[in-house]
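Listed after this line are the structures, all set down as structure tokens.
Both of the next two complexes hold chain A, though its partner changes from chain B to chain C.
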Partner chain A sequence: MNEKGSRLSIIGSIVAKDLREYRRDRLWTFLTILVLVLMAGLFWVLPDTVEETITIGVTGLEETAARALADDGALDVVPVDTVGDLTAIIDDRLQAWRTPDDSVVVALEPPSGASKVDVTMGISFPPDFFTDPTVASVEVLVSGAVPPEVRTALAGVVREMAHAVAGSPLPVSAPEALFTVLGEDRAGDQVSVREQLRPLFVFLVLLMEMFAMSALIAREIADRTVHAILVTPARISDVLAAKGIAGTVSGFGQAVLLLVAIRSLGPSPLLTAAFVAVGALMVSGTAMIAGSAGKDFVGTLFYGMIFMIPLMIPAFSALFPGTASPWIRALPSYPLIRGLVDVITLEAGWADVAGKLGAVGAWCLALFSAGWIVLKRKVEAT
Partner chain B sequence: MNLNRIAVVAAKDLRLGPRSPIFLWVLILPVLLTLVLQVAFGSLFDPSPRLGVFDAGESRVTQLLQGADGIEVQVVSTAAEVKDLVQAHDLDAGLVLAADFDRMVADGARPPLELYVAGESQAADRMVLSVTVLDAIRSLQTEDAPVTVNVVGVGDEGLPIAVRLIPAIVMYALMIAGVFLPAFNIADEREHQTLDAMVVTPVKLAEVVTAKGLVGFALAIPMALVTLWLNDALGSRWPALVTVIVIAGLMYTCIGMLYGVVSKNIAGVFTLIKGTGIVLLGPAIFYLFPDWPQWIAKLFPTFWVIDPLYRVSVENASIGDLAGSFAVAAVVIAVVVVGVAAGVRRLRSRLGST
Partner chain C sequence: MIVEELRHSYGAVEALKGISFEIRQGEILGFLGPNGAGKSTTIKILTGQLAPNGGRGSVLGFDVSADDPRLQAQIGVCFEEKNLYEAMTGAENLAFFGRLFGIRRLDSAALLSRVGLADRADDRVKTYSKGMRQRLMMARALVNAPQVLFLDEPTAGLDPVSSDSVRRLIREEADRGAAVLLTTHDMAEADELSDRVAFLNDGELYAVDTPENLKLEHGRRAVRVRVRRGAEVTEESIPLDDPDASRRLADLVSAGQVVTIHTEEASLSSIFIEMTGRELEG
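Presenting the complex of A and B:
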């Protein structure tokens, strides 16, 4: 066997040993499966739609006017017969139900096949509002859960309706719509919480693997297993390569399993897998550093946390709208998270995310090299 | 069991404990978590619409919008920047006001409205922002609105997200001190074989485990109170609050003792906590999402201490209101204690102790 083949065989044997150690620990195996199952379960119970309309109950409004009010898609208008009923619905003493034929029924119990309409605010129009809005006042009824900006806006809607009835034009000119949409218009097609959480779940699995890997490394150093291996023909570089491969394979395998379970490999599974693989390699590098730095499990846990907290920030920032702050974009996990969001949620292709893949690859190289150096020094020093 | 021996072991742990990073976690994490959850994630669950304004003159519209309730207004330095920020969804909408905008509106010249909304903004936010902007512009006109609008509150006021986050934060404080600390301490003694050394002394294994639990319990109670105080949620019913915290601390400590005696080493404790963390923290998630079916939360054993805690601190419930929950919590604690006793017996046989 030539030198290269021999090295690969040694590395393969060490990787197989490390993976066997994982598997032998029944508790670890059971809990790994349990976590994956729980995460997948949690994913499927999360809401998969975004409620971006405001549901209002109205009294004293003709059907055509109600339809016009709901025309721009921001308001879901529920006609109610009396102010008493509307107040009771908002106060949760009565319920509004939408029947399969799209009519609304007010009752305590749901009619057959009807679904509940969550009405937390309403407008009570006086009978003569559409003939002379100046003669009476309009009541906007709101529950405590309605935020202040929506209360103000509802009052504004009524005032604008009154202006329209009174024939007073808008104080500004607007050619078509009141506003111009910039960027891809996702009204009615928003990214749900469930979709937003996909990359976060994957990254969490990888980070958990980092803890497991760092603990294994720390234990091998403490038990001097590494030194036992080094009296065989294995070199220190073989051990380090094997640790990196074992951590990457284990993290990658779990993350891909989760992605399959939550059906989130995206339209380009290879591209998703590429990001996950690079991410797994990156956390293996950090595991090497944490495992080398900590003297025992608690120590490695602490050092692991030092890495975990900053690495998690981009994952959480992806849940917020808009561009992340420059310091968040400078974190190693940012291109990984953004890449996963783009590929899985926004269905980006290779060309769209090539830059991010390159950036995460560079970070991965840097962290893995740092991990390699730190672990090598640690092994040599003990 | 000998109380003196338990006290000696507990005192030793309290004396040497601060050397361990776990103690630091117990003290720092609840504070850190309060900060992170309340400051950062309050806005995630309850976001306000964000409006950017470029004002070339000194329009009164800008002042009115800045004073509007529930809207984040950011004054931007150029019109181009408004568009860039809206395009990137760093703002939900952007308004560009010309230098003489107010005069033109007052004169009835009907200046063009430059209002931009982000493609990713929600329909409701678009409506809220455009109506609020229009309302502010209308106020520049001399004539009053043709109608009087009264906003009437119905029913109870809703709870802000900051309050709904309290169960999660308090549970975490209880979990760190009540579960992590005893579990890690027991496993650490076992891993370093100091447990073997201790049980050859007159101290019994059950006393060692009880002492570890006592230390966790002693820290869980003040940390839960500190966390409630940091979140301004101590409420006014002190006897009920103290009762519920003691019961909650007891449940979490027993769980911590159980994890400690069944784990071979610290890695085992970690994997147990990793695997069952969702069961321990699960009920807290349901307070964040009141629309979810709330009966599911009752399936979690920790619900029966965290719900009373929430009801006492937020709704000022009395001990009498919580009797049912306390009864279920007592059953859960009894079951866990039986598990701890079985775990101690098994551990004793493995250590070869009598």
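Presenting the complex of A and C:
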């Protein structure tokens, strides 16, 4: 066997040994399976629809006027008889129920065949509203959890509604709003919670792999088995390469398995796999650092958490609409998460995400190199 | 194995202060010294795990500083700590290390049989006793039929049966032609196994010679005879260089008064203390 073949054979033997050890570690095997099953199960339990209608309870408004308010489809206006009932609904002491004949009943328990109506806010119009809407005051009922900025915005909406209901034009002519949609316009094609969570699930699986691999590395150092390897023809570079390969193969395999289970490989499975592979390599690098720093299970868990928390932030930020803050975009996992969202959810192609793939590749190279250096120094020092 | 003026420091601490010795094929060199004497540092350097600060070491013609895998391909190392893969079986441990040496089909059964573990081949190492682990460590050091063996305290903490088994293996390997560097605290073991012993203390070599030569050089040519006279047992020392020695011994033996006769040669332990001023243990 030539020198190159010998090196590959040695690396292959160490990878096979690492994967066998990983498989035989009951704790990590259990946690790995648990996370995979949990993520896949949670995915299928989550709703795959998006609620686009805001439901408002109103009092003091004739039903025809209420229906007129709801004309554009974005609002579902539910007439409620009294302010007391409306207050109780917003306060969660009573519920609004829609009966089969499309009327709304306020009660604690649902009438036969009725479905629950989620009323998010209430507006109480005074009796003299229609005679003099400019001087009348309108009471807006919101739950205590609604922040002040939203309350101010709601007040503006109510003012406009009042003008619309009273048939009076606004005192000034408002300029026409010109919308510039940044990114893909998802109006009418909003992303469900289930779809938003996909990159988070994939990333959680990769992070679980990071913990498992760092525990394996820490044990190899603590038990000094790595020294037994280093007095054979194996070089330290072979050991490090094997750790990287074992971690990447394991993480990649699990993440792809999850994506298959939740049918989320996207329209371009190769592109999805490319992102997952680079992500798996990135977490292998962090596993090397955490495994070098921690001496035992608790130690690796502690150092693993130090990496996990900042790496998770972009995954959570993907759940919320809007542009991520600059500091979130600066985190290594951001291009990975955004890339996965673009490829899997927004059906982006190679050209669309080339920049993100390049960025995550650069981060991956940096983290893996750092892991390589730290682990090498640790092995040499022990 | 040729070691010339080997030096190494850990920061300001000089672990090796220029030691020199040789080991021939088929020879066992007992490397004796207390903890911190520099034994492990010497082994680390000679097995390519540590670069020396000075001097040179050559094993089987390979410079130990050159980091040449061809050197590691021909050596076997038995560490003091039991660094085995506990989740793997004894046979899997050996097969894994065999593959690192390029041996695709290692006869693990034969090796395990040599160390008395044939019936535990498929049991995970975590179920092994201390003695069984040590024997597996020995088997692992032999997977590549090494030409040079480095054995660091191979019998430390073992029961007499396991110790004997390990010692027999060491002797068999030397008889096969392997050069053996054996570090031990056990003077009786060093005396029994070693063709030569080296005394190492504070990074310096104090002596490298056969146990017999050291004992002759540092002991007395005399016998201590315990004699029964009536109800009383007394001791007397008879110098062998005394011209009257043979007659005195013959008289005691023929009178049937001798209880025991012992030579008064020095022990390796006492010679070590005499030369270094330190106990071997600790």
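Definition applied: the second predicted complex is superposed on the first by the 249 of 382 C-alpha atoms of A that agree within 3 Å, B and C clash if a C-alpha of one lies under 4 Å from a C-alpha of the other, contacts with A are read in each partner's own complex, and residues count from 1 in each chain.
Just so we're on the same page, contacts are C-beta pairs under 8 Å (C-beta built on N, C-alpha and C of every residue); 3 or more make two chains touch, one makes a residue touch a chain.
These numbers were taken from a predicted model, which means no experiment stands behind them.
Using the contact criterion defined above for the overlaid structures, shared-chain residue A:E139 touches chain B, although it does not reach chain C. When chain A is checked against chain B and against chain C, the one touching more of its residues turns out to be B.
In the superposition on chain A, A:L42 makes contact with chain B only, while chain C stays out of contact range. Of the two partner chains, chain B is the only one touched by A:G299; chain C is not. Once the two complexes are laid over each other on the shared chain, residue contacts for A:A362 go to neither chain B nor chain C. Legend: residue contacts after superposition of the two complexes on their common chain; A:A330 is shown touching neither chain B nor chain C. In the superposed pair of complexes, A:S13 makes contact with chain C only, with no contact to chain B.
By the touch criterion defined above, A:F211 lies against chain B but remains apart from chain C after alignment on the C-alpha atoms of chain A.
Of the two partner chains placed by superposition, only chain B is touched by A:D91; chain C is not.
When the shared chain is aligned, chain B comes close enough to touch A:E160, but chain C does not. Residues 47-49, 67, 69-70, 72-73, 75, 77, 79, 81, 83-88, 92, 96-97, 99-102, 140, 144 of chain C are the ones touching chain A in the complex. Contacts from chain A toward chain B in the complex involve residues 27-28, 30-31, 34-35, 38, 42, 50, 52-54, 72-75, 87, 90-92, 118, 129, 133-134, 136-160, 162-163, 165-166, 168-175, 178-188, 190, 208, 211-212, 215, 219, 296-299, 301-302, 316, 319-323. Chain A meets chain C in the complex at residues 1, 6, 9-10, 13-14, 17, 20-21, 24-25, 223-225, 227-235. The touching residues of chain B, when paired with chain A in their complex, are 20-22, 40-41, 43-44, 46-49, 68-71, 83, 86-93, 105, 110-128, 130-132, 134-135, 137-138, 140-141, 143, 145-158, 184, 188, 191, 263-268, 270-272, 274-275, 278, 291.
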